[in-house]
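Have a look at the structure that comes next, please.
Chain naming follows the written order as A, B, C and D, and within any one chain the residues start at number 1.
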Amino acid sequence: MLEAQVEPYKQLRDNMARRDRGLREKVTTLEAAASFVQDGMKVGLGGSTMSRTPMALIWEVIRQRRKNLSVSRCIISTDGDLLFGSGAADHIVTSWFAQGILWGLSKVLRHGVEADGKHFEEWSHLAMGMRYRAGGMGVPFLPTRVMLGSDIAAIRPEAKQIDCPFTGEKLLLVPALNPDVALIHVQRCDAYGNAQIDGLQFMDIDLALAANRVILTTERIVSNDQIRRAPDQTKIPFFCVDAVVEVPYGSAPHECYGHYEPMLGHMEDYVAQVNADPVNGMRAYLEKYVYGPKSWVDFLALVGLEEVLDASRNGRSIYND
Amino acid sequence: MLEAQVEPYKQLRDNMARRDRGLREKVTTLEAAASFVQDGMKVGLGGSTMSRTPMALIWEVIRQRRKNLSVSRCIISTDGDLLFGSGAADHIVTSWFAQGILWGLSKVLRHGVEADGKHFEEWSHLAMGMRYRAGGMGVPFLPTRVMLGSDIAAIRPEAKQIDCPFTGEKLLLVPALNPDVALIHVQRCDAYGNAQIDGLQFMDIDLALAANRVILTTERIVSNDQIRRAPDQTKIPFFCVDAVVEVPYGSAPHECYGHYEPMLGHMEDYVAQVNADPVNGMRAYLEKYVYGPKSWVDFLALVGLEEVLDASRNGRSIYND
Amino acid sequence: MTDAPSYTANEILAVLSARQLKDGQVVFAGIGTPLLAATLAQRLHCPSLTILFEGGVVGAFVEPGKLPPSTNDQRCAKRSNMVLGSADVLLLMQRGYVDVGFMGGAQIDQFGNLNSSFIGDPQAPKVRLPGTGGGNDIASLTNIIVAIKHQKRRFVEKVDFITSPGFVRGGKSRTESGLLRGGVFRVITELGVFGFGEESGRMKVLALNPGVTREEVQDNTGFTLEFDERLETTAPPTTHELETLRLIDPDRLFTA
Amino acid sequence: MTDAPSYTANEILAVLSARQLKDGQVVFAGIGTPLLAATLAQRLHCPSLTILFEGGVVGAFVEPGKLPPSTNDQRCAKRSNMVLGSADVLLLMQRGYVDVGFMGGAQIDQFGNLNSSFIGDPQAPKVRLPGTGGGNDIASLTNIIVAIKHQKRRFVEKVDFITSPGFVRGGKSRTESGLLRGGVFRVITELGVFGFGEESGRMKVLALNPGVTREEVQDNTGFTLEFDERLETTAPPTTHELETLRLIDPDRLFTA
């Protein structure tokens, strides 16, 4: 699989020309939105580690039994586990893959890569950012001063080292990444897809500009009037966006800045179960929490109201002082 | 003058290493701040056309009788006139140079370039943006798809055309621009220099990151506490900033988003006077409005209280609806 | 029409330009006639036209009677959908989000190249013009409509300087220069509407404005014009179009 | 000291790391010990230390008892000076705004190269580690301090995989690789403080922690260590340092 192949500009523009970029309402259901993701696609995920992960969308993609996805994210976490463990993705492009330092290595990642033929394509964090940024700018690469001299560069011939035509300095050119579809969760957007993101943006803006389709879930759909009262707060313009779904707690059990912190009780139980047995533990988790629930609200109920309310209180406390 | 020479990375880093980037209060006077600008320096200006122009700083730089400046800005306007006309600058790097469409060509520019040996180094607007951005990113160039096939590229051999090593496509690499000092006016910042910009940002963020020194004027100095209540609204981090001056109406007679619109009566009179005679008209304007006043407030008084109040009412009206 | 309304050259320029836009498009508009025409279209047949300005505005709605003196003023941003950096709004165009760019120029040639930099020799210019601004970027990255006054000194065989590329030297020369998409597809003047030969990249007359003859347009042009086989006559500005235009620009800032 | 306070290995790691920072510096800190050490320094001798996190935070102040589970959580951003994109905070380092990077790793070698990617053959790894995150970027772009547990399997002659470059193969090889600035300048472990030979780029012992012998540190290291001519003994963590540390991490998330 040659993931880092750069899309020729003509193709990128032709794909874009076919998109409906007109001002129109795009509100739909989680099921319909997730169906933009088809087998074998390159999928980009918003957020980072346990923050603003588009969990409800990933959950629905897995429920729709997608296969052979190549998934990229700046830092991937539980979402990477679920995508590998469910068989939805066999290729993950990121700079770091684990639940977070509290829980050590991901055994699901380890099992997938060491024993199950899955690929974890590693780039430095800045390189990931520059790959999305090049994709969003409509250029085939961006120059960086990282990865040089390291074995990451050695195993990533998709990046090209050059001597700078201006200074003679060695530089690494990282190739543009234009996912087929990006899944992004935001605090609020309007029905057209004009999105505001509070606090940490991670690589979401570049990702949204780079992707050939963007699906937003949002804690809340607000009026276009409200968006237009503070246009300098819009972080993703509506014409990048192809579908909008209102999904409160759409990042659970991860956090959404200003709304809720991670649901750590659920995360503790999850990690204990899948690290004890990355195959059967994961299978049981998927059955109970992904395939089992009738709806996202049903999933939240399984996480537990107390945990959800605790996470919310912690999340809102960022604005207390 | 070879303006587009790219600073070698070692030199850029060594300059940076010598800067005091610690958290410290930097509030000073307009006179002291403007003295960061020394003869022959490369000076970058924030804002664009008639918006958020760092007019008070430029005014003070001219009063300090600086010479041989090379000044860059995304779009330059009255400020370019004053810098050429006063003799402070002999080289201007920009994409567009005029007062604005209402007043046609700048006769000061025309006189300077056609008859007085001054240089107007033209780049496309995107190229200007990418030059500052490369400078801010610490890379020697950025790739673009503009200027190709045009005579702007023909007269700008400082930009280099390449065949993309990924796609074979023709690209133009534009060289990084790292001004010696940037002059930027903002709506508010704290005493350390953490700055918020409302509305149109233009190229100010990239410029601030690219420059080797940054001088801020601000409508208002606020507490660090206020900045830290909304850290995602900080647009320029304090460690980019070397001096802070509180100068209400610091962009007059141009506009400052949300505070005041351009003072069009003054602009009308100015343009009539300098376009009638770009040498003597300009000399008389400088005597009266730049060298004459005892202070910036004195200058505002010459513009006239009614005009200042009108501009303020119009400026604030952006938040009426 | 018996009581055809009267109008200025700039007014028919704005009205015909507005007619070129389709609802739902994303249009990048320069200052002057382009801004006016896009705003006019938005109030006529394109209620969901998305207007972008170089200052960093996405989804603008300019208020009638409050035309901005440049596309970098706060009036352009008021109650818009998004405000971002100047380079970033141009990058949207490089990425392909924009359908149409809308611009002016001081000089245009048979291949649709625009000059807004130098009259005379660039090394020792007779007139130093203001320069490209975003013009070169718009012309390089998207399909453009040019609104320009029709005068012989403006419509020249070869511009003194290519600020904003059209079909460069005609034929495949635009693509060969590395400009893989976009290009000038319409020129609007007070005399007519112009397109370009698909193979040649040379300007041709698609329609003449009411009362304008072939001779008149040729006489005002510095190179030999082709006329389209299906040459049309432009429908004159309607009372509704003109009234709406005058509502937007009551002070005739851009339509005098 | 007669009543020397007791402490864990992770605690002395955090305290000695904190001591490496100077007031007024700009420090880029990874999760775990680096975050803890930077926060500790800020509460001890560096009240105006500017802490950056990979999640996009500039000028952070982590609240005692509210340690974030990663540097991408909102707890990192609360009441900070600035929040921006993840790539942009790393670009600040590429531009040169950062004085010190502060990171961990799974394996380190004699030239200060760090491995956090693979144990064994990268093509068929025995253990697939989490990867570089921002580690490679920090190590490539700025001067770094590494805080790491001192075990023979971690201190190896040659790392299985260079995730984050130190002095690469020693000598001038770092610069020759294109890494023109930065480099590892301190390694802190529970056994001592280490620097690097200016010419050789090889690790050497600068100081031994209280009660640690030359033999003990050599026995726990997979390559031959040089000892600095002016070998010092680290002053033990003070009661004030430990109390402050325990106030910051009362649940011993990072110091167990």
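Methods note: a contact is a pair of C-beta atoms (placed from the backbone, for glycine too) under 8 Å apart; a residue touches a chain by one contact, two chains touch by 3 or more.
Computed from a prediction, not measured in an experiment: that's the story for all the values here.
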Chain-contact steps, minimal, separating chain D from chain C: 2
Distance between the centres, which are taken as Cα means, of chain D and chain B, whole angstrom: 40
Separation of mean Cα positions, chain B and chain A [Å, integer]: 38
Inter-centroid spacing, chain D versus chain A (mean Cα positions, whole Å): 29
Where chain D touches two or more other chains, by residue: 57, 77, 79, 83-84, 91, 94, 180
Shared-contact residues (touching 2 or more other chains) in chain A: 9, 138-139, 144-145, 169, 171, 199-201, 229, 231-232, 321
Contacting chain pairs - touch in the sense defined above: A-B, A-C, A-D, B-C, B-D
Residue ranges of chain B in contact with chain C within the complex: 48-51, 74-75, 94-98, 100-102, 105-106, 109-110, 113-114, 120, 122-130, 132-133, 144-152, 155, 161, 169-172, 199-203, 205-206, 255, 257-258, 261-262, 264, 315, 318, 321
Complex contacts: residues of chain A adjacent to chain B: 6, 8-9, 138-145, 160, 162, 164-167, 169, 171, 173, 175-176, 198-201, 229, 231-232, 321
In the complex, chain D residues that touch chain B: 23-26, 48-50, 57-59, 77, 79-84, 91-92, 94-97, 99, 180-181
Interfacial residue positions of chain C with respect to chain B in the complex: 31-32, 54-57, 69-70, 72-75, 77-79, 83-88, 90-91, 94, 117, 122, 125-137, 140-141, 161-165, 168, 173-174, 177-180, 253-254
Complex interface listing, chain A residues touching chain C: 9-10, 12-13, 16-17, 20-24, 136-139, 192, 194, 209-210, 224, 227-229, 231-232, 234, 237-240
